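Labels A, B and C are assigned to the chains in the order they are written; within every chain, residues are numbered from 1.
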């Protein structure tokens, strides 16, 4: 197969009449790994929902753009088409994972039920224990008998990762999976996902605000701002030599263990998704903004191989 | 100075079998103090936080707030509002049927009895301070992003004008920029109003930024206490060392062994994973935890503070501008 | 996301259509019950034509053994059926939800145990025997307020049994919500128990019981009609779907319309209500 496994281009999404995404482009290769970063409310989770056909449940719809998975157009998929993809081809760990488990069903039953549907050949019991152990949950045999509220936040998150892996997907989309995990477990989970990528050629989309995680576990990276991709390229390049003023500010705001003093934050607030703007959405907060940045729409322009940026003054900025 | 919030030998046991989630733990929070709690996932941090906030009764031991045990504090007592908590799950902690603004206004109306309009006004102001737009304030949790929900939870806690804030992963769903805004706000509250903070976080950078003292939890017990910066510079307990070494971008962590904090019959719960384990470790509970230099670790063979500090590889973010 | 949740979400997309259809058809039935008898020149017990006349333009549902207009009787009877259902379901919903929440939210274990023991006993009680017993007590011919003879017994019996199902549902949902963080947050914020129950538990619990209530309307309508059909319910000459069908059952082979039309209307009503209930129950928690 040629081309990326998941290829989202110029995606626009409306929810309740508001344009929450207006130009998102992301791509991940077979067995590749992509980190999506961006300010809260920038549309990271919404992009994941769109890639999984879960917009309908919140009253949203794709209004422009395309999304293909293994060459198949996703935006035109029927319900049955989605059923064949969700879980089996694309696994998903939602950001609400701490509260998405059914509160009245034991963990074991929830996993077994999923295994039975997604992986009918397997021995549901054995496979669910195997999955729980894979995500570093100690004493899986006891965890299966518990209800979700009897687990810690990090444990619930790991149960959700196990559920997403049940169908042996070709792509795993993980929305803030490691947020509730301490660094030792986080490291193990990231290693586990890395191993799965190698063994099963599973591709990974990792949504996170932790740039260190992206740098250490992802090959490529996309930066979202106010519902649009503003920069994408190799993770190493973006972390060490970012081009877009927003990415640069984001990396400068990263708290470091060696630092003291007040933390740098990006002045101002992002526009609420859905508010129409002219020209560059970052302009009101950008120290490089000038008249050139206003008016029209911005497009992603290549600055080097595989590295694209949506900024009109990028040459001046990086200089 | 007497502690404003104090846990004395608290134990919490869920069900009858298995080890307790929190096991005979002591913790004192002085007015205006900043205490960080870090530790393994499932080590009992949230359970401790709930007990400190008075929403979960301990199985044994006692939590005292302003010198009085929680059991003696009436619901409408002003003491009640002085201890507030930010919950770990940003979605689950909000009433799904109330908009962000109503959730915050409800607290204000309940405690201060202003007019409805005034309460809404104050709620909007608080939420705006957290960086929420007017449009987002009118939405219910399901219509908000993770970071927006988390900020609603923080605003609701601050609406009570607390003296102690127990923050369970308060910035875990926030990107670095908003996280910086919130952390700077909390620092300012500490300086201006003398707010004491009990901060639970797996993000050691956040703990370092906001607290002077830190405690490390493992399997329901505090295994090390130290001033925050010293803890990260020279961790004494083998588990702390593992933790600090696992931070992305840090090296020097020992290889991980089987991860099973539950099974240990050993008095030292970390023994099954511990590279320094020896036969005399059985005596860990009776061993004096005080170390030279004012350090404290529940370990028979700690890394002494003079030991080589954990190395940090400085490959990160070379291109910071 | 569990599979159960996922399939619930997949079905969610059809929810709009079934809600729309259900409400449309049900409103049509209710409207006909209200309007048709008013627009018709004669009453339900009036003899208007030769007995057993087949459906015609003037008498769309034909006439029965006494020569009464089945069309008018069906819609007048519908009023009674729907009113009984509304009373039974409304009262059960209110009582059951309150008892269930109290039972689920009380810190006093004995109160919960007591209430639930009572509910279990009621659920186990044979419904038809209860109605028969009540008819003996209340009397077959006793009417009450606007309820015609036979109806009071049905209403009382249904009420006695029915609320217990709501109580169980409400208790289960209360128990599951009680452990959630937003309820813990309510306690932390100092809210009194009454506010936590009213503002933080009730909306979630009512969602569940109210969705069930819609489905329950069908059950109650069918139960009322079948009791009449068995001859133990609403008594002649009062029109009611079940009683009309009961009267027509002997001549089903020749005068099929007497039984068929009320049966059809009953089925359509049931279907409409089921569609609504289906749509509401699919709503994500």
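The rule is short, and it goes like this: contacts are C-beta pairs under 8 Å (C-beta built on N, C-alpha and C of every residue); 3 or more make two chains touch, one makes a residue touch a chain.
Note that this is a predicted model, so its numbers are computed, not measured.
If you sketch which chains touch which, every chain touches every other chain without exception.
Ranked by how far their CA centres sit from the centre of chain C, the chains are topped by B.
Nearest to the global CA centroid, when each chain is reduced to the mean of its CA atoms, is chain A.
Computed from the mean C-alpha positions, the centre of chain A lies at a distance of 26 Å from the centre of chain B.
The centroid of the Cα atoms in chain B and the matching centroid in chain C are 51 Å apart.
Spacing of chain A relative to chain C, judged by their CA centroids, is 47 angstrom.
In chain B, the residues that touch at least two other chains are 89, 92.
In chain C, the positions touching at least two other chains are 180.
In chain A, 99 are the positions where the chain touches two or more neighbouring chains simultaneously. Those residues of chain C that touch chain A in the shared complex are 1-6, 9-10, 12-13, 172, 176, 179-180, 284.
Residues 50, 53-56, 75-77, 80-81, 83-85, 87, 89, 92-98, 106-107, 110-111, 153, 156, 160 of chain B are the ones that touch chain C when the two sit in their complex. Every residue of chain A that touches chain B in the complex is listed here, in rising order: 16, 37-41, 45, 58, 95-96, 98-99, 136, 138-139, 142, 150-155, 158, 176, 179-188, 209-213, 215-216, 239-242, 248-260, 262-266, 269, 272, 274. Per the touch definition, chain B reaches chain A in the complex via residues 14, 18, 38-42, 45-47, 88-89, 91-92, 131, 133, 135-136, 142-143, 145-148, 169, 172-181, 183-184, 187, 202, 204-206, 208-209, 232, 242-243, 246-250, 256, 259-263, 312, 316-321.
Looking at the complex, you find that chain A touches chain C at residues 54, 56-57, 79, 82-83, 86-87, 92, 94, 99-105, 110, 113-114, 116-118, 149, 163.
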